[in-house]
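By written order: A, B, C, D, E and F. Residues from 1 in each chain.
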């Protein structure tokens, strides 16, 4: 049953997070094989496989949501890694997390940045980023 | 004090959501002028003004976060509108909301889709979208 | 693809909530057909179909969770109805919601009881329940 | 004042979680004696003592709620233990937690399963459970 | 049983919110008499009755918490009213809600301010408050 | 740009939490200098600097909100410390956290009390507090 979804999900998971993602599922399946299968089939085999959004945009959405929820830090760690894996720059990842201060409060953003710092350290990304004083856009004149 | 941030924030707010965004702030400032000022200055004058993320990606992040939080439906409505305004396609907006079923559960996604339906109706976007049976990507072969 | 899961999900949804459940999915599929399909396939075709828990226990769990989350009142309404449909007594439903005061606070329980009152009114269940002054168990002697 | 409620609460707490539950209260009372008293009196002396729901069903509701909330993992640990103590099978506990993927998202369920794994390890329950490929019910024919 | 707590709770509820608070309990007791009793006994008879915090400070804490949680707007409405009843000024109530933008995000504060506006309108408090451009304290010199 | 806000924010942060608060910002600025600046400018330079609420009341609100949210324990730790720093008594801090059992459930209060215990231990405040059996107010006669 549903072999097609599982296999597609496994390929998507690999595209999204590389060997690290597959390792999470392998570890989970040792204790909870049915749930590991659902995790591959629905999120990855069904949702991430849809072409309407790029993987890069999917990871922007996921990092934002997990940071805002605030009670899913182990999963945020996985998806900060995944965001880098699908081509988000370190600056973009930081930017998404900082933006969550607006929608979920400063504690959510601060705890998200702690996760970012850990993942970046493992990935050899030095902080602060070189051009840490971001350029500011001024907005179009239509707003005045 | 901080006139520069306010004016930039007002321009950004207009870039993000057009006259609708400015109307929200105008209405708010009639009752709570100080908070209306902070709303323009920090989220828009400070955060959205940063160039490290496109406005389109910022709205992907915001729609995801507000849908996942689940207790901010009036703001989700504003940002579904804003997402369309900065160039997200209707299909992309639906996609972000559907993805939240994975991270925040089906009720969060269902309530998000109710908001999407209302905003789309106001914007004259017919549902279901024509190509509602999304193409599925199959993932690269590296996952097997 | 996955016809088997969809058909089983549809049967489970009917077992769980009768025509009301199917009507929710029909309405959803008019705007968001893909998400309506996922809603049938994963929650009902995969999860509710598992024999390890009775439908009655599944609804106890779902009413508890939706009441505790507090941002899913439309779904709580559906599942208070479903709980009665799978054989929970009105007293049991009230009891689950009252218990949430302990774990999610009095506001969550109060908002849950408002939903219960609405669903019971539609179902013709008069409140307060006749034996509203619950019998109290005294606990075994082993605790002293 | 309220000795009767306290004593009944202590007996109920013992019925629900055995010596482990009483130990939690003892430890708490060393630092916060008033709050420890409230914890015995209201949740256990008032709510759990009501006969309208079995202790087994109460623990199904509590495990579901704490897993869905996602920010109460120490308490989820206590109640996974309590669920086993009042007669839930290991398979039933896993089933309730897996179901939370539907209502609170996959991260909530994954973090809940991590707690389950820890409690089961302490209780000497090997994972995966022997019949981990659950039987599937097919639903009645009324749904078609 | 526990008549003393109930009667003290009823007096505290009246002190906290006047006839409006008692009306909430009366209405609730028509449908859910046991829960209405718990609501009087534990929050008001036990917690609010403790002298360690003034009622004014208790309402600052409650308005903050309900605004931050974001899924308890009916209760926030009751406690904005209560905050005024126990002597918080309108400016103080607004201030607590605005501060929640920092800890729970701008949407939580915005939805809280909507509730404030409704309660103030019923209470005949005109907005914006006359001295809406708040004086700013400059902080002591020790921070530099 | 915005030097005035930053300097005022730094003074307010010092008033609120002493050297500990400034150390948090210093540490943060090593990895995320822009976000460290926003943290000083908006929460402290804008919000805490407003005179409409005393710092003591601001900390009552913040401890309440962070305890109720339940996913911000590192920040709750900072603000339990800050509450003591601006003049809340240990009994008052405990009282605010206990009150959260009413609004956010017993787990939120229990996890909050764990944080309180840790901060008090570092601050040399012995638990239980000497007069831990709080005096009870009886409420005015107007409630009967």
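Following the convention adopted for this analysis, a contact is a pair of C-beta atoms (placed from the backbone, for glycine too) under 8 Å apart; a residue touches a chain by one contact, two chains touch by 3 or more.
Nothing here was measured: the structure is a model prediction, and the numbers come from that model.
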item: Both-way neighbours, i.e. chains that touch chain F and touch chain B; value: A, C, D, E
item: Shared interface numbering between chain F and chain E [over half = same, under half = different]; value: same
item: Degree value of the rotation bringing chain A onto chain E, based on Cα positions, nearest 5; value: 180
item: Between chain B and chain C, centroid-to-centroid distance (C-alpha), Å; value: 31
item: Rounded Å distance between chain C and chain D, as computed from the means of their C-alpha atoms; value: 18
item: For chain E, residues that touch 2 or more chains besides their own; value: 34, 38, 42-43, 47, 50, 66, 68-72, 75, 94, 98, 100-108, 134
item: Residue numbers on chain E that touch chain A, as the complex places them; value: 68, 100-108
item: Residues on chain B engaged by chain E in the complex (per definition of touch); value: 28, 30-35, 38-39, 43, 66, 69-72, 74-75
item: In the complex with chain E, residue positions of chain F that touch it; value: 7-8, 10-15, 22, 42-43, 47-53, 57-58, 60-69, 72, 75, 91-92, 94-96, 98-104, 134-144
item: List of chain B residues in touch with chain C within their complex; value: 69-71, 94, 98, 101, 105-111, 113-114, 117, 127-128, 132-134
item: Residues on chain D engaged by chain E in the complex (per definition of touch); value: 1-2, 4-5, 34, 38, 42, 46-47, 50
